[in-house]
């Protein structure tokens, strides 16, 4: 378990989280702490359980036990909409763009959870493609545009904790860079981010803290400062 | 086999649009007849079943087939829907079993479709259609337009009425057909009222008739130049319409509960059991079942061929029919009436509905054999 | 005066009657379209809910002496509430499986409701009086127009427009559509989707009941009053473009008129015309007249 | 290789043998007309199942094929005095033709859209029957002669009629079985599973679906034509949408996509109709409850559940 | 040029979606026997080009010539039968069929018995040997009897490739074949593509520059529906326009985003 920071309470604290898909037990006691204002990257192979961890936080796993606290409040057992109302924005791995809504309607869909979300103009400045395609049905956007839309969508809501699942997946390098810049900006604005990433090259320069997940457990945790010391391990574990 | 107990069945519309004048009342009338007869015949207890045909020929026929073929039913009464009844009468002929048409009223039963095994006890379309339309046509209402229920009954009624109107010098300028058991007649009536006719005649029955009348009034159709005539008006229809709406209507009827002491006595007993007065078909069902049981007793067997001959030999004698014969085409030769609905002021009770204007003797009530296409009749003549 | 050799009285008369029928088509198809567009459920129970609405009016009158105007409020609320319960207990479990199952479930539920009323009241209709305030009528020259029927047309237009504005012109519509596609995700955005779906189904059912109350004085109250009507309404929805509210409303009124016209010019086809039109529309525009999406 | 295991093969054959034995012996104990009705509906449900179970197409208008074949066969037997086998063939041909025409309209859409369109087409056909002069409208075509099979065997004899219905049913059942396990059936399954993928592999999916639709219509027609001869009546309810709903219920209850399911489902529903007839409208309620229970708790149907337990395809 | 030099040619191919031009006068020429990669930023129109080529979409303008024949007016299934078969960006298998049956469905078409509803399924057993052979090339042999739905994502993509190969296309269209795969699988699939390209032509969309660099002979770069560059990797990857539009400045000449 990550050592406590002096005088600071973690924003998100997961302890001993177990989760199940039907009979199959996929999370075996996950521990994770995220402090306010930092970017945490969760690395791991396909199937390690990273997506499942995020889903469990959002209350999307049917069966889960353990503890998930946000600012000390227990989230486990709440309905997803109540969890979101605590100020969490979720960008799912499969993007979740709505075919029956236009690009802009997709953008406007999530309700504002708190003050301080970005305005439409700011968002369009960040992702100019979206401005151009704003009237198109959501799923008529290209794969990458959909990815941008999925991320943009939660920036409006004012959620202070963002859970991003594979945001760089399927994106052209330019866009990946644009998203990287956006994440840096968000961090500067005081957002807290949890990124689940396969793309280590993308995550490495952005994160303050890294977790490595394996077989439904967190097997490693280290800060950016120790990154170099862990490169060998990452290489053998993840092939990066 | 011949030694099995006699089994009587009532096949009727239990809950549908015809049920107010058939249905549960017919079932109980048959029961009453069996009870009044003593509950047994030829030394065995009389068995009784009933079923709902839901006004669907397939349902009715399948039930009748099963009754005749595998349940040992000897006779089916009522039927009450001509589309179902015609099929059952044909089936009965093939199965050599008896059928009493006491509700269904297409005149085809005793015409083209007549069989030695079928008899018709109550109203038929010839009777509904002959005296009144002819009278009106002769009185100058020349141009007729029909609103017809599109099934065997309505079709027969329209055909019979057309014949009557034509022979009285009138003419039929058109007709519109509606599916039986319709809810909204406004467009059919609109079609009828915009035709150039003096008389719009309803060739339908029961709820179809009452709904047509109500909607005709609602839209104030017709005006001065056009009148609406219901060819079939039964006891419960008048009840459903209420006297304020129905008052003054003149129509043919086969029976009324308040004709004489005998009918009143029966009706009182019936009312006590059922909380409503017997309607035409109810009385017919009682009469048919009772006469059948007497014929079985007289024949000493329940063999259908013996019983049907006996039924035609013996006179029908009860509160419903006074020494009445059954004609070879199956027609029960009873007299009929022309009645008028009372004004609300004239009525002394909830069931005091008709004034009997005229009694029509049997010979004038039913289709004369000279016009008959019944093969049984033709054979005799030829 | 004759138009195309048809007396104008007959023509206008049938068109007006068509418009009245169209009012019911529109109200019912609107309810169906709301439920379909947002929940992707073909609500086969719609006919039963319509009938149920009419029966509540009937029972209110005969058991409690409560008249038409209260029924107009209470019946939709009751049926809507029951619909909400059904959604919560049963339909909500089927969102994950093929939509055909919810079709079958609502079909079954419709049978249950109809069967209960059928065994209680039989298949023949029970009369329901017009509200006294709307008795009488007005002679339009070509026909006498009962006030009640005027009310039916006017009120259903108003309800249709209001419902359409509420759903299409507010963010509610978009949220509902999204929730239909991926309810868990919309929920993860902080929207109480289960409650929203429940209310939507309740609202659709309530609309059916509203139509039922309005129909009671015209068509009588009977257990089977919804069965045949609802099939026509399905065709209306298909013509309008499944899920399109505007399409359903316009197609509803339009088909009422088309039926009226057919009754003037070729009465034999009046029953079929809706289905013929539907076949033609599908041939030309597989998504229906207004069904742009999908 | 997808060689079914010995047990799986055995199980299906055994079940089939049981079914044949049942229908061969049952008339000794049960009212044969009732059994004939079961077989007609079983064939109808098998035909329906061919579409929903193996192509994923829910037709909500299948009664039109039952109805059209009934009228055609009844007309052929009554008016043209054709022998029963020819009357049935004529009914099948008419149903297949109607299947072709309606299929061309419907198969372009999927899922609920397909269901709605078939429903509306069937309704159109229903109103046509209601008004066409040769159907007898609400009265139906009554007193249809059963005739002599091949001009020889008098089908008025209950035994002969039973044999004829049994033969038609078995032939239809075996045909469905063969279709499902044919190269064509394999393509159908692929289309059901992933239509764009099937297209991208070079399959003109519409043609396959159309053929399946026509085959299903023809088989439903065989059921309808035979039924008309059994009951000597062709009437509107066979073409009514409630009948389309009933066949969905039979198949669902027995088990969608199983071979024996529709037969079991048809048997159960016919039995229910017969034994609960005295309960009148409650039959409707019970049917509704079965629908709801099947959909909510029992989606595989009776045979599907048994097959699942025994791990044998039935 | 002789027609057998280019297996596929598009001339001034255009696709508009309600006024939005997704594919803008594209002249694409794919040389027989090559691996041709189509790259470009998201939304450039790559998948749309695939959809046009395979007739899943009808072009607004222009023509497509495949193997010497103008296929602009053909249907999707017909094009596939002529020998142009695609895979999908989101994996497309027949989930309830076994892995073997998935491949067999593709093989079956050539038998010409696909409408024979009266024949036994056993008539298809002759195809099993070939199907197993194809499964072996993607290392799926041990899974032959499992329903495809049970396979992990990467294996499904492999199955899709095997199925596509079973259709024996002259031109194979692969839409992001490595998307969603882990590193080992990516290497594996890359090798597989190179291998199957030995006797057929491959046109692929791919974001993974490592893959493109390793196996593509020619690369076309699409931006906003237009081809902005074409040529071998070395040339394209240094093209300033491409760098700006696609690679981004930070990672000039970067060998694939996934490869650290």
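Observations, loosely collected:
We just call them A, B, C, D and E in the order they show up, numbering each chain from 1.
Note that a residue touches a chain if its C-beta (ideal position, glycine included) is under 8 Å from a C-beta of that chain, and two chains touch if they have at least 3 such contacts.
Just so we're clear, the structure is a prediction, and the values are computed from it rather than from any experiment.
Contact with both chain C and chain D is made by B. Chain centres were defined as the mean of their Cα atoms; on that basis the chain farthest from chain D turns out to be A.
Between the CA-based centres of chain B and chain E the separation comes to 77 Å, rounded to the whole angstrom. Chain E has its Cα centroid 48 Å from the Cα centroid of chain C. Centre-to-centre, using mean CA coordinates, chain A is 45 Å away from chain C. Of all residues in chain B, those that touch two or more other chains are 14-15.
Within chain D, the positions touching two or more other chains are listed as 130, 280-281. Multi-chain contact residues, meaning those touching two or more other chains, do not occur anywhere in chain E. Across the whole structure, chains are in contact as follows: A-C, A-E, B-C, B-D, C-D, D-E.
Within the complex formed with chain D, the chain C residues making contact are 36, 40, 42, 90, 93-94, 97-105, 107-116, 118-119, 223, 227, 231-232, 234-235, 237-238, 242, 268, 271-272, 275-276, 278-279, 282-283, 286.
The touching residues of chain E, when paired with chain A in their complex, are 17, 20, 39-47, 89, 152-154, 176, 179-184, 207, 209, 244-251, 254, 257-260. The touching residues of chain D, counted against chain E in their complex, run 1-2, 178-179, 181-187, 189-190, 193-194, 196-205, 207-208, 211, 215.
Within the complex, the chain C residues that touch chain B are 7, 9-10, 13-14, 17-18, 20-21, 118-119, 121-125, 127, 137, 139, 143-144, 146, 218-220, 222, 225, 260, 263, 267, 270. The touching residues of chain A, counted against chain C in their complex, run 58-60, 79-81, 83-85, 90, 92, 96, 98-101, 105-106, 108-111, 113, 137, 154, 157.
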